[in-house]
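These are the structures in question, set out in turn.
The following pair of complexes shares a single chain, subunit A, combined with subunit B in the former and subunit C in the latter.
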Partner chain A sequence: MFDYNFHWRPVMKSLPDLIDAAFLTLQVAVLAMILGIVIGLGLALVRMHLRGLPRWLASSWVELARNTPALFQLFFFGFGLGAFGLHLSPYIIVLAGLTFNCAGYLAENFRGGFQAVPDTQIRAARSLGMTAWQAYSRIVIPQVFRIVYHPITNQMVWAVLMSSLGMLVGFRELSGETQFFASRTFRIFEYFAVTAVIYYVIVKLILLGSRLLAARLFRY
Partner chain B sequence: MQPSLSFFSGFTPNDLWFLAEAALRTLWISALSISIGTVLGAIFGWILYEGKLTATLTLAPVLDVFRSVPLIIQLVLFYNFAPIVGLDLDPFASGVVILTIYTAALVANVARGGIEAVGLPMRRAARSLGMTYWQDLRHVVLPIGGRAVFPAWVGVALGVMKDSALVSVLGYVELLKASQILITRTQEPFLILTLAGAFYFALSYPVSRFAASLERKWAQ
Partner chain C sequence: MIEIRDLHKYFGALHVLKGINLNVQKGEVLSVIGASGSGKSTLLYCINGLEPVQQGRVVVDGIDVHAKGTDINRLRQRLGMVFQQWNSFPHLTALENVALAPRIVKGKTRAEAREIARRQLEHVGLGEKLDAYPSALSGGQQQRLAIARALAMEPEYMLFDEATSALDPELVGEVLETMRMLAEEGMTMICVTHEMGFARDVSDRVAFFHQGVMEEIGPPEQIFTAPQSEHTRKFLANVR
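What follows is the complex of A and B.
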């Protein structure tokens, strides 16, 4: 049945390179999440408070990000923009694709979070003499943050998993690097098995970190 | 005058047919994986709910792995693992197997949530009326719990439909792979990617809107 010899030595030899690539994966994912949170917040606010063209654009962004495959979005930033003579580096393609996707998903989470805080609280805060800014930063935002904390963690995990698509646009993050080594040594199974373990560890560390942070942040 | 020979040729109506066929393949592999995966996932969800300790210790971590490793890595890993244990699987079969397990892993959580959504008093009432365990499951838990998690299930199904694009990494020519092939030949990335994206969007957007409206209606 097992007419196959496993060779783990080449994998172990390139393990340092894989770990380096894992940090690149993490870097892209974290950057995409930071940009995604800022843009997603903007999209949610635009969709709630503005009308006309800005609202239409924000809604289009959200719906496109949520209703097309992430791989399609990466290809679009890769080949699609190439049609207009805009050739981006693989790093930028993956970062742009992930940011576009994360911002769209997070915008919906933020909108749900804002809607969960009743308007009456703002009015109550204002009638207590708070300025609009105070009411938002002290009453609304802390509650919204609590509601979207868990979805943000999930999105962070998704961002790490999604960055593996970089392999298909020639970006040498963890998956791309694995593909590179695997095709050089033909030890495809061994390499990808180790990579799967690395991804699993990264995801578990993110979830653990998020849980510890939550215990610290939401003590009361 | 003789037309000059070129590697590249424009986008022809034939190519549209090529894309349509690929789109059908996307639909076929998604429909197959989602339907089998849903049944499997519902059973897993029930085991997770009923099995308590044993299930949490065995099934839950296994399902968790499929949610913590990028789908693309799972696909490559399984495709290269199958021959090791003597299975001769083509890209389509490998894709269906992994997409099915992936769907099942996601649906299991949804299904467990659905069973939990049906309150214990209601189930005790059903049993007190003389229903057997299975009658209770079939006539009380399924309609009520199913309704509670239907929107979440639609989200999972649409996600798998979009993620089926990743089977292209094994060489299965679904919609995005076909687009890539055409782009290489016609050098018209913008047009072709727009067509492919429009297909996914036209499929996903109405369904997600429908699920959202059902959720609103049922929430009242």
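What follows is the complex of A and C.
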């Protein structure tokens, strides 16, 4: 039917390099998520509480991040800034692109989370003599965190998978590394099949970890 | 003592309270009755400063609630409040719900706060539910939890905003019983309520609100058997 002979040996030989690259993928995704959560929370608060230019800027960020292809966002930090003479390393390009994208999506999750906590919770807290900050940090934020917990998990998975775009700006994360070996050995199918399995395992581990953590964190 | 002088409150163009004058003495139980929208709940929110006022004053133990320099968070410790939608904190156990404010507002140690919380929860009959989350409690239990939470701040006054209106009928009794117990213990209480039986039996005075005006105030016998105002008469005829 087809005459293609599978050759797995080259893949197996470079497996240690692929595993290393997988850790790089995980690293950049985790960093982008941490930055994305902090910035996304900030964007959500700015959009809810401020007016004028700050609100416009925050809204634009969210709009651009959500309504343009993630690849273009990455290209902006790579070739876009490059055209103006600002040359970033592939690592920084991917980190910046992912962070930009994740912050935009997470901002909307946070906004929904804040809106889901009724104002009466704040009133009840203030009626007990809590300051506005105490009411926010002790009563509102913990409830928001639970609401956005699973969307954050989804975004984490998305960040891992999206980091594969890094190979298009020359970043040797898991996909970039795979592409590098595949084009040297012409065992393209074999390499990408194995890499797909590695991605799958990473994502499964993230989901498992998330579920275990949720069971500990959320008893109510 | 709570003194309310010529209090006016607007929501935009809507004139919700039209010049309320009222004194509530220590140890007194005042019930506030009237139709929905008559301004009675708003009065409570103005007393503990959750709503700003446009004219007039509310003075609690000599402190003007709405004056600029007033430490409102400190003043609110004297004014416990219980809401119609009980507003338990869903992410905290019953014990944590009650212990939180004593710890972070009053600066009690964790152990002290838990002890206060345990005592207050036992007081309202929730001694068995210390570690339960609100989602596992009935509406009546959650409302008693809210009462315990307010009491844990050792307030001088308790404000009840239709504390039983959102409850299933069979759960109203346990909350009223708890309120009755507090009244017997000598707590000063302002109860906005639709429970005419409670207003009649437990209050020292009953105030009737109509369209932002306090139409009538007096001992329950007078309000319920010989109301002076036509509006009061009509209202009472309708609720019976």
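The rule is simple: the second predicted complex is superposed on the first by the 218 of 220 C-alpha atoms of A that agree within 3 Å, B and C clash if a C-alpha of one lies under 4 Å from a C-alpha of the other, contacts with A are read in each partner's own complex, and residues count from 1 in each chain.
As a convention for this text, a residue touches a chain if its C-beta (ideal position, glycine included) is under 8 Å from a C-beta of that chain, and two chains touch if they have at least 3 such contacts.
Remember, it's a predicted structure, so these values are computed and weren't measured experimentally.
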Item to complete: State whether A:F72 touches subunit B only (first), subunit C only (second), both chains, or neither.
Response: first
Worksheet item: Of the two partner chains, subunit B (first) and subunit C (second), which one does A:I188 touch, if any: first, second, both, or neither?
Response: first
Worksheet item: Is A:F180 contacted by the first partner subunit B, the second partner subunit C, both or neither?
Response: neither
Practice prompt. Tell me which partner A:P142 touches in the superposition: subunit B (first), subunit C (second), both or neither.
Written response: second
Fill in: More subunit A residues in contact [subunit B versus subunit C]
B
Item to complete: Based on the superposed arrangement, let me know which partner A:Y91 touches: subunit B (first), subunit C (second), both, or neither?
Response: neither
Worksheet item: Once bound in the complex, which stretches of subunit A touch subunit C?
Response: 120-121, 123-131, 134, 138-139, 142-143, 146, 219-220
Practice prompt. Would you tell me which residues of subunit C are touching subunit A in their complex?
Written response: 48, 50, 73-74, 76-77, 79-81, 83, 85, 87, 89-91, 100-101, 104-106, 133-135, 146, 149-150, 153
Worksheet, complete the sentence: The subunit B residues in contact with subunit A across the complex are 65, 68-74, 76-77, 80-81, 83-86, 158, 162-163, 165-166, 168-169, 176, 179-180, 183, 188-190, 193-194, 196-197, 200-201, 204-205, 208
Response to the item:
Note: in the complex, subunit A contacts subunit B through residues 1-4, 63-64, 66-72, 75-76, 79-80, 82-84, 157, 161-162, 164-165, 167-168, 175, 178, 188-189, 192-193, 195-196, 199-200, 203-204
